[in-house]
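Two complexes follow with subunit A in common, the first pairing it with subunit B and the second with subunit C.
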Partner chain A sequence: MAYNSYLYIVVFLGLTLLLYYAVPKRFRWIILLLASWVFYYLSSGNLIIYLLISTASVYICGLWLGRIIESYENAKASVPREERKAFSDRTARRKKLVVFLALLVNFGLLAFLKYSNFFADNANTISKLLNLNVLIRSRRITLPLGISFYTLMAASYIIDVYRGKCRADKNPARIALFLSFFPHIVEGPFGRYDHLAGQLYEGHPFSYRELTFGAQLIIWGLFKKIVIADRVNIVVKNIFANPQAYSGLFVILGVLFFTLQIYAEFSGAMDIVTGSAQMFGISLAKNFERPFFSRSVAEFWRRWHMTLGAWLRDYILYSVSLSKWFMKLSKFIKSRLRSGAGKTLPTIIPLFLVWLFCGLWHGASWKYVLYGMYYYAIMAAGMLFEPLFSRLCSALRINREGRLFRALQLVRTFILVNIGMLIFRAPQTGTAFSMLRSVFTGFNLGVLTNGALLKLGMDIHDYYVIAVGCVIMLVVSLLQEKGVSLRERIAEKNIAVRWCIYFAAIFAVIIFGAYGAGYNPVDFIYAQF
Partner chain B sequence: MRDTKANRSDSGIVVFVRFVFFVLTFFILLSLASRIIVPKSNRDLLYFNAGGIFSLPKNSLDYVVIGNSNAVEGFSPLDIWNGFGYAGYTCGEPWQNTAGSYYMLRTILKTQSPKVVILDTDTLYERKSTFSSLENDFSIAVQHYYSVFRYHNYWKKLGFSDFLMKENYTWHHVDYGHAVLTKINAYNGSKYMASTDRVQKMTPQMEYYLDKITNLCRDRGITLVLVSIPSPTYWSMAQHNAVAKYAEDHGLNYLDLNLNYQDYGLNWATDTRDRGEHLNCYGARKVSLYLGKYISENYRLSGHAGDPAYDVWNKDYASYFKYISTAAPTN
Partner chain C sequence: MDKLLEILQDLKPGVDFALEDDLIEDGILSSLEIMTLVVELCSEFGIEISPLDIVPENFKSARAMHALITRLRDED
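Right, the complex of A and B next:
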């Protein structure tokens, strides 16, 4: 069930809200859980079994971990001092075993369902190169909805219990609701157990403010998805489906429009789901913070898909960089390399794993590995050359906080991100490179005036809508960047003004939306991960 | 938190009343938008050439055909007119399902009161998952009641006159909804409709809308006939069995033109435009004449042959006949 469908907005969300507020507070979590499972079943059918397996596995392993921790805490004081270390090591090993089991079940399912064909294809290629007579057959596997999202959330829960960040939950319903909550199961944001589980379980009182603020966010998300993203998709699809037919400005337009599409669509989806949750009084984590105002690629990734970045930082970067073996390696590097590289290398090495994981998480293909490595290379180079660049700026007396410099940094980041988007959207890695090359080989400004842009599937009215839509998005972003809360501002107005704004927004979506006859329905891009 | 109007705790009744007014205003605006942002010429209404039905005099049709592209390309009202004097129109939409047929019929009945409604049974089998089909049905219903959802893109052509909401339904479709296609692309596949007891059930939604069509026709005194247009790609004996059972249970007539296509001379080498998916105009002629005969034998329609009010039908048939007689078949 797509978040932008009539059925979701009008029927599913509407009915769930009615039922939620109709039952006593202590039963409200039941409505949310049932609604989440119905949502999942309607979207994915019997594949709900994988979600239930993940839920059961983290619940059981969490309890197991909890018992180990509890018995350790209880017995710690009574263990003789000379045996304490051995006891502690034994407990740590048992804890690790349980975490390993939980991760094996969850990542094992993900690997089988999402990556088995990728592994099989690569094994077959290697087998062919080595003249081995081994062939692994590819299977047609339907991916359960949101598996890339709920698997990471399940892993975060079990690791948090292991780390003592949260206690193992004895209530299976709370875990089931945390993993399956319908607004975040399709494409996030990644919730953390300590932040979300309690909120989901407790019954929230009806709040007019939460309801109207949530509804406003949903309309804003629909505007970005249906009016902007789905409209530019026509041109993006056209250009990327026939890359050999386009060059120069067409490729630039295709990439720019894809960047616009994915931003409007993904951030729009986040607005819809955050708004949906807010209507129940539940606050989801922020996933976007105006990423195109970033001055570096690293900052961009702190503002784009923020909950994925935070997950990678907390569960991959920290797991590696704070592990005993890596601490030893880091010490060794620092002792051998006295220069700046000695400090930078220990950070760059675990980053490799972060970006490899990030790339592969997006999809089972070498294209996504390249996508991750592209950002890794930029960030690693940035860290390695930063001391040199800093000295250069000092020598040339360049003010790195000056307006011009900051503007150049924004432009540079924007260009680098767009190249990343080209890799992400191109059908294959080779195509991405040939498209990038064709920008320079077939550049012709004439296409701006000869009407060629109107043959890409969008007429002049569509371009006007995109232009106005972008201006609105930019103005909203600028205001938010200045700390203005638009929803608060709207709420301060009198009812006539408020309603005018609401109706204008609703009818902008209905009238200017790219849906129905002449448009193909566009699935959410991140829902396919 | 700042003291804003939204933060203040209004009483439940105030919130409720405000909500009711908001919803009412929304529906009023939606109705208004559905009057303004809609094509004022019937040329742009509905799909294919179905909008042409609005230019015909009220209650002038004896029968209507409802369905998808199979119906639009497989029925020729002008051949039935010439052979039997019955006035009819083919109202089809691409990929129309039973929900679409139901709402199409309701639209037609606003201006016409046919004695016979022919429903193309291909609409009973939607090639979508149950859930997508449900979403689609919901969307069709919303579009029927609030046409702005269907014609919202018309804002690009919006002019001052649109705000006057004056309709101009004068566009006349000379083939009465039929898409006359001379292309020939033979069907060379194996024989189909082999005897079987297997039954391919309709989805509950499709059956629900078929029930609604049946009841609507019954309430209006209209004879509903289920007709399967020849198509080796889209039709099978298992589907036939399901429709035949439904027709029997509900006292409807069911005519499957796939069963005896040799009897009325249909030739898959010359009468399909796309290897058996759809009929071309040569196939449509044969189907229509056979169907006309079936109507004349089973239903007492008086027809309008010789009626001066229907002169235009004769003129249109003459130009249609000239076209299909002279147009070179294409591949």
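Right, the complex of A and C next:
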């Protein structure tokens, strides 16, 4: 059930809202949980079993961890001083074992369902190279909806209990709801247990403001998805399906449109799901913060898919960087390298794992590994060469906070991100390189005037709609960047103006939406992860 | 405190760390720079910083970082 379908917005969400506010507050979580499971079952059928296994595994392991922590806290004071360290080490080992078990179940399922064919293909390639007579057969595996999202959330809960950030929950319903909540299960945002579980479980009173603010966000999300993203999809599909037929400006247009598509679609989906949750009085984490205003690739990733970045930072970067063995390695590196590299390398090394994980999380293929490594190389180079670059700017008296320099940084980041998008969208790694090369080899400005751009699946009116849509998105982003809350501003207007705006937005989606004859329904890209 | 200021100056020259009181909110320290700093602090002061300690309140100023180091040393 796609978030942009009538079935979801009018029937499913509408019915769930009615039921939610119809029952007493203390039973409202039941409606949310049942709705979430129904939503999941309608989308994935019997594959719901994997979601239930994940839920049960983190619930049981969480309780187990909680007991270990509790018995340690109770016994700590009575343990003789000389035995305390051994006691503490023993407890730490038991805690680690439980976390390991929980992660093994959850990531094991993810690895089996999402990556087993990738591993099998690579093993077969190696076997062939070594002339071994071993062949692992690929299997047709249907991926359960949102497995890449709920697995990471399940892992975050168990690690948070291990670290003492939150207590183990004795209520299985709260954990089930946290993992399966229908607005975030398909493509996030990644919720954190301490921020979300309580909110989901408590019954929220009806609020007209939350309802209308949520509805506005849904309409805005639909505008981005249906009017912009689905329209440019036709051109993107044409160019990337026949990369050898296009070069120069066509490739540039294809990449720019794909960047526009994925941004409008993914941030639009986040608006729809955040708006849906807000209608129940629930606040989801922010996933986008105008990423194309970033001055560096590192900043871009702090503003794009923010909850994934935060997850990678908290559970991979911190886990590796702060581990005892890595601290020892850092000291060793520092003692050998007295220069700036000695200080940055201890951050650069674990970043490799972060970006490898990030790449593979997006998909089981070498293309996604390359995608992760591309960003890793840029960030690592940026950190290593920053002292040199800083000295160079000082020597040349370049003001790094000046307007021109900042503008150049925005353009540079935009270009680098678009190259990343090309790798992401290209059918294969080799195709990405050949398409990048063809930008320079087949560059011809003539295509702007000879009507060739109108043979890609979009007519001139489509281009106008895209141009106006982009201007609207840009203006909204600029206002948000200045701290203006548009929804607050609209709420301050009188009822006639307010409803004119609402109707204009709804009709814009209905009239200019890319659906119906001539358009194929487009699945959300991130829903396929 | 002097040693801490020296580390900070080394990490980000040109910033008056003694005066700045919102290094995170003002965008002076990024999350990667904080990570570099955390590794440096652990190694220089012999402390163990846990992921739960890496929150804006503990890194928003040199004073806050100093308080964190003192607390972790006392706990040890």
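FYI, the second predicted complex is superposed on the first by the 529 of 529 C-alpha atoms of A that agree within 3 Å, B and C clash if a C-alpha of one lies under 4 Å from a C-alpha of the other, contacts with A are read in each partner's own complex, and residues count from 1 in each chain.
Throughout what follows, contacts are C-beta pairs under 8 Å (C-beta built on N, C-alpha and C of every residue); 3 or more make two chains touch, one makes a residue touch a chain.
These numbers come from a predicted model, not from an experiment.
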| item | value |
| --- | --- |
| Subunit A residues touched - subunit C or subunit B, whichever exceeds | B |
| Which of subunit B and subunit C A:N4 touches, first, second, both or neither | neither |
| Partner chain in contact with A:I510 - subunit B first, subunit C second, else both or neither | first |
| Which superposed partner A:T259 touches (first subunit B, second subunit C, both, neither) | neither |
| First (subunit B), second (subunit C), both or neither touched by A:M383 | second |
| First (subunit B), second (subunit C), both or neither touched by A:K343 | second |
| First, second, both or neither for A:R209, with subunit B first and subunit C second | first |
| Partner chain(s) touched by A:G164 [first = subunit B, second = subunit C, both, neither] | second |
| Contact residues common to both interfaces of subunit A (with subunit B and with subunit C) | none |
| Parts of subunit C lying in touch with subunit A, wherever the complex brings them together | 10-11, 13, 30-32, 35-36, 38-40, 42-43, 48-52, 54 |
| Sites on subunit B touched by subunit A in the complex | 2, 4-7, 9-10, 15, 18, 22, 25-26, 29-30, 33, 37, 47, 131, 134-135, 138-139, 142-143, 148-150, 152-153, 155-156 |
| Residues of subunit A that touch subunit C when the two form their complex | 163-165, 298-299, 302, 313-314, 317-319, 321-322, 327, 330-331, 334, 343-344, 346-347, 351, 379, 383, 390 |
| In the complex, subunit A residues that touch subunit B | 1, 5-7, 10-11, 42-43, 208-209, 212-213, 459, 461, 488, 491-495, 498-499, 502-503, 506-507, 510-513, 515-518 |
